[in-house]
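Here come two complexes built around chain A, the first alongside chain B, the second alongside chain C.
Right after this comes the complex of A and B.
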């Protein structure tokens, strides 16, 4: 590869052609502050609008300052990164940005974790000249079931737009209005609820300020816990345990499963269960459905549509209901683990502990913001009582734990409760891209072939490529599997399904880049993809450490079918554990 | 044209049109028909003469007599007197504001005398809706020459050697731009004409499109041939309906004549042009923003490189030139690089069209060789300052240009001198200010525009310009403090230094140039709380001079807010807390008893 030599702060550096000044400087250990720029390395995600102008540097022979995030190095370039001219420019621009930003850090969800706040501190801003007469650009607040938009705090970094449009191809957010009143909003400045938004939460995951935050359900959960008439149970999704520790200063990828259980118990939950249990249940239902369709398909039954698509990701479900409603019969009808758990908890478990479902509050801890919307879907409630009452994100749980003065670092390891707390390694890997299909393969293989699966680690299904495919040998029967994470990648596979070109038997889709470990409700990665990778490694480590790694071998799952459901895809299972999809394509009505 | 002995050319540009020049045309035709002169006299609607302040214009050829401010009812007189009897209609002739002399022959009018019209060669001369008239004036000959006698690289060489620089504002060498686009290999390339004229007060592009649309089409085809593009797009603002209308007619006619479309002039060269409409955002004049707008995206700039010549419209190599740049190309091809490069200054060749506006006598559009001084433009061609007032400053280059003063009047105008003086060529707007203009208010006025037109993408332009504007408003309101002037300068310099595109990089120019040239006025505002020009209302006070006041009560009766009190035949008093400084009292007072303090 062609390389370029240049000087940065009087030090020579050689970099590949196409390297930006900012990255070349980093190579020399020179840290140029960046604000709007964001890159998730190896995940093909980059936000490079060159808009904030904080990262400007002096380039010899150039008239004005250059944004180092988006200016490529040139041969012989002479760059100075921290001259008085540069420092003054950065400070003045930062003063501009802050002059149009609310100063309510005390009650801001992002306080302490806000990139603007850190930058203000780093640049040594102590006051904002002229603030007393500076007009503020204001915009109405927008509350949706999952996400709150408070554009007064928006700094126009455009990261949300990149995620929503380029990465997810959802197209719910783009810049509107001009100049000082410019903002990022859905088409026709509708509220998010009436846009094409899938609530995947990737906009929230990258927002540097408090402009985009999750709807906070901690107060609701707290009220339920404080109410002596309620039995409050909690389920925790697999990706949560691989990330929660980050909020307590632990290294990314530290598993905190046992400590999390103890913390939840201290918070006052009556039963601590595991969504992984429901993940195993999902495999039973979805796997059986897959085999049923596959075998009918192999017999030439034209009504058995291939491929089957996974349906555990609510952002993904929202996406195909919006963009591919014509394919709504293609995905598996199996509910997501969150909702399967809720359905079982409010029937089987409620009966067991003899509590009326109205007095049983089911809380889920999810790495996800779309789960908030999912649990509010009408089809997931009985007589107005939701199967899952509240869904809180990993971030909310972390803050909740801190509020209760619990030091996660020094907690004893706890154990999940029975009967909905027992899970297998297959349930754990639901938290990362490729995991659901790997779990499905482990079970489907044995059910289909009647043989014992010797090799449990399907490394060919793992990794971070946006679209992956593999063929698994089912004892002579080749099963083609497709995997996509990130909705933009999913769209590619869906387009093939729609046009009849798809050769896959089964496709796994997760809406968030990396899967649930990179979910919109996770601790903020601040543009560091290594964090997401470390979480994936933790998930696979937990899988490996489990004594049982196949869903159909989970003794409590076997018991549940025996005592309650009968067999997979039974009538009762269908009633409780399956759902249907709707055409939610937005129709835009322009009022005259 | 020989069939007719007399031609009546009536300006059909937007400005004259809005003053009913179309009715003048109808009335002239009716009169001529009534007199049975239809086979001898022809009435032609032309493009802009550039003498907009005195429109509607009617020119009688071959006498070369110009009638100004012609009303529909004057048609009868013109036909009866001039056409039939051969007598000039004196009352409709131009009166020189300085000498008060009546001048009929356009050759002797100072506004036209100093001009050299290359870009505007056909404006006000031909009927823009008739391709034959364009062809009669050597139209499409340059395209023929290029396609049949020249190789693409030869065409580029001529343009390069001519020294032509882009007239959109930045002054990038046109030939070089073409060369870069020609060297980038691609299956498809595009030629884009930037007709998103956004500077308030500048209307040269509109006038060319309205008065001579074929010159732009021809040039685009030549450009397409030289860079290897078969598609052209004109990005024209939807607020220019007449330009759009005439472009459509011109494109259709060029198609009929085989001058656009497939196999042009039998050479195998294909070139077609389509129109794209802009929604009137100033920033869309910036080429990357313009391209995004054409692609259906939000009209906001992106960082260069990549330049459009590398990756432009739909990711393909794209050459973007301004209307005025294109309009000169056919002449350059026909008359040669040497001819063109002899006009102008060392680094700025050819002519430049300027739009004169503000406190100047001859408001309108002029074209002069590069290197003409501001003094020649303002005092000779422009006829000097209106109402005999004193010249104070001229703002060149549109809203983000700088304000130049007396000391710059003898500077030859070209790209580089203007930048050195803290202003810029821009699209060629010139707004002249007299002693009554407050320069702080002027800076605020221009900032008002850029604040409105910023796209909001980069922080310094989005927020910084707003803060500049706020601070200027405070100074004009008398709330400024001396330290504000340092802040103004610092903010301005940082905005210039850090903004993403040309809009923000130049928007503080009015502030910086007025700080440089009119510091005393700023100081008067912040230190003495006075506006020397008497324009900032909050810094003035209407006061009654007790010696002159006779107590007639006229002022009190006319005051709309009852700020004036006093008994009949006693000295009156204005309450400054109530007074809204409308000036009605001062105007009413017959005794010169009210003055501004």
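Right after this comes the complex of A and C.
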């Protein structure tokens, strides 16, 4: 590769052609501040509008300061990164950004985790000149079921736009208007609720300020816990245990399953259950449906559509309801684990403990913001009583634990309660891309072939490539499997399904890059994919450590079918554990 | 924010599709497509943007972003006689703002609005290149130079 030599702060460096000044400086250990710039290395995604101008440097023989994030190095270039001119410019830029930014840092949802706040601190800003007479932009707040937009706090870095358009291809957000009216907004500045938004929350995950945050349901949970007439139970999604520790200073990839259970018990939940249990249940239902469709398909039944698509991910469900409503019969009808848990909790479990469903409050801890919307869907409630009452994110749980004076680091390991807390390794790996389909394969193989699996680790299904495929040998029958994470990648597979080109028997889709471990409700990783990989490793480690690693061997699942549901895909199972999808594509009214 | 809800007729949709086809449905041609659509409809209501979005495969949020960024594009219909007051430097220092205020008062409109009978709409612009005639007012294709606030009533009378 062609390389070029340049000097930065009087140090010589050699870099490949096309390297930006910012990256070349990094090689020398010079950390030029960046604000709007974002890089997601494993996805090959860069957001570099060159808009904030925080990263400017002086380049000799150039009249103007250059934004180092988006200026490429040239042969013989002489760059200076901390001259008085640069430092003053940087300060001025920051003062301008702050002059049009609310000063409510003390009570902002992002306080302590805000990149703008950290930058102001780093640059030593102690005063914002002229703010008493400076104009401020004002924009109405937008509350959706999952996400709050407070555009007064937007600094137009446009990272959310990159996530929404380039990564997810959802196209809900775009920069609109100019000057003080400039904002990132849905079409016609409608509320998010009326846009194509899937609530995947990836915009929230990358927002450097408090402009995009999740709807906080901790107060609702607190109220329920304080109400003596309510029995409050909680379910925790697999990805939560692999990331919650980060909020308490632990290394990414630290598993805190037991400590999390203890923390939830101290918070006052009456029963601590596991969404992993419902994940095992999902495999029973979805796996049975897969085999039924597959076997009918192999017999030449034209009504058995292939491939079957997983349906655990609510962001993904929202996506195909908006963009692929013509394919709404293709995904599995199985509800997501969150909703399966809610349905079983408010029937089977409520009966068991003799509590009316109205007095049973089901809380879910999710790495996800779309789950907030999902549990509010009409079809998931009975006479106005939701199957899952409140869904809070990993971040919200972390804050809740801190508010309750609990230091996660110093807790003993606790155990989930029975009967909805027992799970297998297959349930755990639902939290990472490839995990749902691996869990399904472990069960489907044994049910289809009647043989015992010799190996349980299907490494060919694991990894971080956006679109992956593998063929699994079902005792002579080749089963083609596709995997996509990130909605943009899912779209590629869906386009093939629509055009009839797809050769897959089953496809797993997770809306967020990395799967749930990279979800919009997880502790912020600020674009560092190593953190997501560490979380995945933790999930697979927990799987390995489990004595039972196949969903159909979970004793409490077997008991649930025996006592209550009958068998997978029975009428009762269909009624409680399956759903249908809707055409939610926006329609243009045409007058005849 | 768009306040007008229109219903497109079939021939309107066909026209938009025809315009998009003439640019080979190329998303890169978005601005040119919008220009042609505005030429045809007089403005770019949300419904037109939605059809354009579908034809070019560009998210409707992006289309709206472009429409709101460029001041030439408008989402409000123009009146039969669109009135534009130049607020460029030369016109401004010679009292264009007072002229604009007089139009606002006479028509009961703000900039960007249209009268109830769709007769007049009011907009401002920056420099029409006739600074020698400052302050300049355009009504449709006709130019008025050295306009004083007192002239406003007479100008409007011409279109009664």
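Methods note: the second predicted complex is superposed on the first by the 587 of 592 C-alpha atoms of A that agree within 3 Å, B and C clash if a C-alpha of one lies under 4 Å from a C-alpha of the other, contacts with A are read in each partner's own complex, and residues count from 1 in each chain.
Everything below uses one rule, namely that contacts are C-beta pairs under 8 Å (C-beta built on N, C-alpha and C of every residue); 3 or more make two chains touch, one makes a residue touch a chain.
As the structure is a computational prediction, the values presented were derived from the model and not from experiment.
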item	value
Chain B versus chain C as contact partner of A:173, first or second or both or neither	second
Partner chain(s) touched by A:469 [first = chain B, second = chain C, both, neither]	neither
Chain B versus chain C as contact partner of A:376, first or second or both or neither	neither
Partner with the higher number of touched chain A residues, chain C or chain B	B
Partner chain in contact with A:165 - chain B first, chain C second, else both or neither	second
Which superposed partner A:53 touches (first chain B, second chain C, both, neither)	first
Chain B versus chain C as contact partner of A:186, first or second or both or neither	second
Partner chain in contact with A:449 - chain B first, chain C second, else both or neither	neither
On chain A, the residue positions that both chain B and chain C contact, one per complex	174-175, 177-178
Of all residues in chain C, those that touch chain A in their complex	1-2, 7-10, 13, 46-47, 49-51, 53-54, 59-65, 68-69
Residues of chain A touching chain C in the complex	165, 170-178, 185-190, 195-196, 586, 588-592
Residue numbers on chain A that touch chain B, as the complex places them	49-54, 56, 64-65, 67, 70-72, 85, 88-89, 92-93, 96-97, 99-100, 129-130, 133-135, 155-156, 174-175, 177-182
For the chain B and chain A complex, residues of the former touching the latter	281, 298, 300, 302-303, 305, 451-467, 470-471, 474, 487, 490-491, 494, 496-500, 505
